[in-house]
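I'd like to ask some things about the structure below.
Chain lettering (A, B, C and D) follows the sequence in which the chains are written, and residue indices restart at 1 in each chain.
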Amino acid sequence: MSRRQEAKARDGNEIEFSRIVAFSDGVFAIAITLLVLNLTIDTDIPRDELGQAIWDQRENFLAYAISFAVIGRFWLVHHRYFSEIKAFDGRLIGLNLVYLAFIVLIPFSSQVLGEYGGTTTAVVVYAVNLAAVVVIGGLMVADARRGGLTTIDAQTHRENGIRSAYIAAVFLASIPIAFLAPTLASLMWLVLFFDPASRLARSAVN
Amino acid sequence: MSRRQEAKARDGNEIEFSRIVAFSDGVFAIAITLLVLNLTIDTDIPRDELGQAIWDQRENFLAYAISFAVIGRFWLVHHRYFSEIKAFDGRLIGLNLVYLAFIVLIPFSSQVLGEYGGTTTAVVVYAVNLAAVVVIGGLMVADARRGGLTTIDAQTHRENGIRSAYIAAVFLASIPIAFLAPTLASLMWLVLFFDPASRLARSAVN
Amino acid sequence: MSRRQEAKARDGNEIEFSRIVAFSDGVFAIAITLLVLNLTIDTDIPRDELGQAIWDQRENFLAYAISFAVIGRFWLVHHRYFSEIKAFDGRLIGLNLVYLAFIVLIPFSSQVLGEYGGTTTAVVVYAVNLAAVVVIGGLMVADARRGGLTTIDAQTHRENGIRSAYIAAVFLASIPIAFLAPTLASLMWLVLFFDPASRLARSAVN
Amino acid sequence: MSRRQEAKARDGNEIEFSRIVAFSDGVFAIAITLLVLNLTIDTDIPRDELGQAIWDQRENFLAYAISFAVIGRFWLVHHRYFSEIKAFDGRLIGLNLVYLAFIVLIPFSSQVLGEYGGTTTAVVVYAVNLAAVVVIGGLMVADARRGGLTTIDAQTHRENGIRSAYIAAVFLASIPIAFLAPTLASLMWLVLFFDPASRLARSAVN
């Protein structure tokens, strides 16, 4: 019996499928919101030095902005990916959990980046975390496609491909830059707030 | 091809659309609940001084109440706004993420306000945070309307307009007051717990 | 125009209504889960004293169990209450937010109770928090019923009444006991894990 | 009147039933995401010792991976279990809350395990927590089946049985190992990331 035959079809298991999607969305929403916990203020700052103390956290605010963009972008990719799933089995669910485990690590990596933004170690920790997300996401997609669990929609497929490649390219390009100018590398990541897929798809159509 | 034509209609993409809404709701719910983490109690207070220690946190309780009202009010505005959306695209989703990034900052700004309530810095941090939410929300609405992504319902439109203007007015009015009497400015924000739109709409009808 | 006429009917606004319910559920779920953050372990305990250090937290575990039961029970009450709502307006949503603001306070009150379980102050903080929830919940129900926003189902009405009275009675009875034996009062609250309504309703039917 | 007759059928109470499931899913999603809070970095580490400081947290990362796998696996079990429920009553909801109370404890037990991984105390705390989840889950299932609240689907029943037994076996086997080599015991738990039920079910069919 092939994997596809024994997998559960989405159509007949809409409630179960939507629980998986809702669980993933919940994890994304919580992880993205926990980022704010990396921003704290000591309770014993002299009142006239508060402005300076907040300004001293500018690296943490930058890490917050980057990580919010990154998790938001991954959520969109995940979102688009699951919209093309038409059946699921234990392996897909397991891979999805491993994927989420690396998403949930981002607030930690982001804390390291915020506190030690100028160091090679912090950039490597962050880049490894995000690379793991991209690689496991790629494995999950490839595995599901090989197992026949996805629909074949050239447009969606192409948009997802553009998005994944875009994210991977941004992170790969940032690593060498990070060794020279870590803050610039961090600023580069902010472009992840913008979604190239619809724009590229549009120009491809026209 | 116009933006409206290439945007996804809500009707044919109800699941995808509801994931965006559910994600936003999740972020709001988590951000509002994380406010409680700004209230903590040291573990080494002499037992007969506990009452005093809790009383000393009255500024933190006030900040909690204000921020709960503020996030709750923004959630309602977001809620009403998305109920009039009929199509969505990458730009709307991106703007929504930026919007949420400033919502999630509120627990931090609220912590600053709670700890340093009497300082101009704390009030400016808080007011800037909330002003960013209102401005980005306004941009998001204006952009979606220009792109033809919203339905035209004069009543809802009018109620949303009243709500946004009401919130903006409360914050704008509070800034000069905050330079003179920060606590009074904070108390002003509590009026956000009450929703003027239905009342004003009602009197307009009658 | 009466309040009922201008309120939105649930039937024609199922998505909007379910967002309110989902938001409330999210807040309950986050608040109940944040309780675990009141349980922490220092990182510098000698390894052979770890058992003792955990045992020393027994008051915190008790507070955790009580508050989990309390929030779970309030969630059920809220759940039952909203299942009888047939229309909603701004006032109901506003009261619901105030209600949730006191639910979200429970992890703080629970921390105070866990750290200072034997003090009158801690018990009063906790009891005031819970009393506020019960009172505001009662106001919300009464207001909605007066406005004609609820369905009239004698069985549900009766079960909700039994549940609210049961919770109120448990807390009221615990306050005098808390002045004599705080731990016993805390143990009393554990009975909230059990739901008397179905049992009482059953015996009333038979 | 039998329990089954007075329980609410899922079919006629889909919204109420789905609120229970969504609440449980929310709690699982939050608990699994809070695990990241056990990973923190001091803010005063010399910049060239950051790599060492992160490496020193390897036990915490291991505890994170294990607990993510454990909560994810329990979520799946819970997920499968509730997919066979066809009616629910107060007792099922109450048992589900007790079950969730032990799920929410896992981030605490995981923190103890991460900080004190080599100690018998930490392993016992963790194993007791997980054993409580398995035992209460078993009680909940048995009670619901006895009350006639579940559907009879031999395949699902068998898969759930395999999953529960598999989890129980992994933890039971790890306890004696933990007294000799705690890290090995922890590594054993990682096998919970993989789901044997579909594989075993498949070989049973063929």
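One rule holds for everything that comes next: a residue touches a chain if its C-beta (ideal position, glycine included) is under 8 Å from a C-beta of that chain, and two chains touch if they have at least 3 such contacts.
Model, not experiment: these values are computed from the prediction.
> Suppose you hop from chain A to any chain it touches, then on again the same way; how many hops at least until you reach chain C?
Minimum number of steps from chain A to chain C: 2.
> By the touch rule set out at the top, what is the minimum number of steps from chain B to chain D?
2
> Can you tell me which chain lies farthest from chain B, using the average of the Cα atoms as each chain's centre?
When every chain centre is compared against chain B, the largest gap points to D.
> Suppose a student superposes the Cα atoms of chain A on chain D; what rotation angle should they report, nearest 5 degrees?
Chain A sits rotated relative to chain D by 90 degrees.
> Could you give the separation in Å between the centres of chain A and chain B, each centre being the mean of its C-alpha atoms?
A distance of 25 Å separates the two centres.
> Could you list which residues of chain B touch at least two other chains?
22, 26, 30, 34, 37
> Provide the residue numbers of chain B that touch chain A in the complex, in ascending order.
Counting only chain B, the residues touching chain A are 1, 6, 15-16, 19-20, 22-23, 26-27, 30-31, 34, 37, 89-91, 93-94, 97-98, 100-101, 104-105, 107-108, 111-112, 115-116, 118-119, 121-122, 125.
> Spell out the residues on chain D that touch chain A in their complex, using ranges where they run on.
That would be residues 18, 21-22, 25-26, 28-30, 32-37, 39-41, 43, 45, 47, 50-51, 54, 64-65, 68-69, 72, 75-76, 79, 83, 193-195, 197-199, 202, 205-206 of chain D.
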